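These are the structures, in structure tokens.
Each of the next two complexes has chain A plus one more chain, namely chain B in the first and chain C in the second.
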Partner chain A sequence: MTKLGQWLWGLALLGSAWAALALGPLGPRVPPPCRQVLLPLPVYLLVAFGCYSLATVGYRLATFNDCEEAAAELREHIGAARADLRRRGLRF
Partner chain B sequence: MRARADWPPPRPARRRAGSGVAGAAMAAAAAGDDKVSVLLPTYNERENLPLVVWLLARSFETSGYNFEVIIIDDGSPDGTQEVAEQLVKIYGPDKILLRPRAKKLGLGTAYIHGMKHATGNFIVIMDADLSHHPKFIAEFIRKQKEGNFDIVSGTRYKGNGGVYGWDLKRKLISRGANFITQVLLRPGASDLTGSFRLYRKEVLQKLMEKCVSKGYVFQMEMIVRARQLGYTIGEVPISFVDRVYGESKLGGNEIVSFLKGLLTLFATT
Partner chain C sequence: MATATDQVVGFGLVAFSLVLFVYYTIWIIILPFIDSDHGIHQYFLPREYAVIIPVAAGLLLLLFIGIFIAIVMWKSRKPVKKSD
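This part shows the complex of A and B:
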């Protein structure tokens, strides 16, 4: 199954469970406080996911390593490489 | 049999019947048979090519592995091929192979073209513009041996991997795009758009048959298909030194085509 397929399948499953409990057929069986939470649940989850995404990307952005030593080392190596290649006869 | 001071006694590989001393000796002997083919697609890399090749040669001398560098130049007008020919004279035609093409034909076909001439059992793909440092190849191989991985991918996002030369905006786009990719594709690898990787030769050949995308998405598709086919992927943190960023900003076009490619992979894999 494709990733899209998995998502649609999952959404259909959760969606129908939510619809059944919150909107209709099983109505009378569900106590009122539960219904109050159940109805806006999808929106809550969406907002929660949005916050999680922002926090995660923000954290990863803040901890993104800056490779200063790698750049310095590369500059050194480039110098050594040019000198050695010139010695070996390379015409740049 | 080659002895290396920094090499821990190899564990007998999974498929070997021997174990203990005999198995270790067999594994060590096999390690001596390893050869790495480095595929270097180039376009207008007259300045950087000799430096990359020098760094490759030096790092392989240090690590002791047998190697060859296959330069696939797409008809560069700046004299890249001429410099490459000088490198063949300096390092020998058994180490530097020139397999040029007439015009710019794209990365995927460059790999296919290069692989036809590769005699190594490991294939390394990397950028020829010095953003990838050859010193990491020895670590790739060490990681591969550790877990007998089919692919070892360099990652900028884990461990002490990272990037030099990117401003906040570029980093944000990079992390944001990677996050969306992780959520949608759950690929099991932290850096999907990276192009510094080691493949076992049969694995790369199999993947090239199946991959169809271009650009960044091509590198992503390789990892996604590899997971589909049940291949194992190991990761090694690498540093990416971007000296080109100032000249080639990440434009709106590239972002749009990345998203299109991502959604295509989402819907088809």
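This part shows the complex of A and C:
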């Protein structure tokens, strides 16, 4: 089975479990506070995943290692290559 | 080392998402188990908003992404050549 198939299968399982507990026949047997937590659970998981993604992006942005000398060296190479190509007749 | 701006923005994002996560978790998961006469409930909107606000924000996000894609595609049209 492909990865997509696995993900969809897992989502379908969890989704049907949630639907059975929250919307389906077992509804009234769940104690009221648990019911109140259960109903918004998909939205909660989505928001939690969004927060995790945002935090990961922010953290990797903050801890990224710039290489100043490599950047300067690359700019130099680019300038030299441009001058060389311009000399050989290529118009930018 | 990332530049100072990058670090500020990055850690700011981390702090913001942490605050958001904690607030939302308390709202959805913890509050139903606290008696309704406790003072903490005054800091949280009624429960319907806990679903309406993220759904509305998600739809807005999709709208902006769609508008962005439309603008980029519009700008990258090639002019149609007329052949006489």
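Annotations for the structure displayed:
One rule holds in what follows: the second predicted complex is superposed on the first by the 68 of 92 C-alpha atoms of A that agree within 3 Å, B and C clash if a C-alpha of one lies under 4 Å from a C-alpha of the other, contacts with A are read in each partner's own complex, and residues count from 1 in each chain.
Operating definition for what follows: a residue touches a chain if its C-beta (ideal position, glycine included) is under 8 Å from a C-beta of that chain, and two chains touch if they have at least 3 such contacts.
Since this is a predicted model, take the numbers as computed values, not measurements.
Contacts of A:61 after superposition on the shared chain: both chain B and chain C are touched. Of the two partner chains placed by the overlay, only chain C lies in contact with A:51; chain B stays clear of it. Shared-chain residue A:78: touches chain B; no touch with chain C.
Look at A:37: by the touch rule set out above, it reaches chain C but stays clear of chain B.
Once the two complexes are laid over each other on the shared chain, residue contacts for A:90 go to chain B alone; chain C is not touched. Of the two partner chains placed by the overlay, only chain B lies in contact with A:70; chain C stays clear of it. By the document's definition of touching, neither partner reaches A:8: not chain B, not chain C. When both complexes are aligned on chain A by C-alpha atoms, chain A residues 57, 60-61, 64-66 touch chain B in the first and chain C in the second.
Chain A meets chain B in the complex at residues 2-4, 53, 56-57, 60-61, 64-68, 70-71, 73-74, 77-78, 81-82, 84-85, 88-92. Those residues of chain C that touch chain A in the complex are listed here as 1-3, 6-7, 9-14, 16-18, 20-21, 24-25, 28-29, 32-33, 47, 50-51, 54-55, 58. Residues 47, 50-51, 54-55, 83, 86-87, 89-90, 130, 133, 157, 160-165, 168, 171-172, 174-176, 178-179, 183-186, 239-241, 265-269 of chain B are the ones touching chain A in the complex. Those residues of chain A that touch chain C in the shared complex are 32-34, 36-37, 40-41, 43-44, 46-48, 51-52, 54-55, 57-66.
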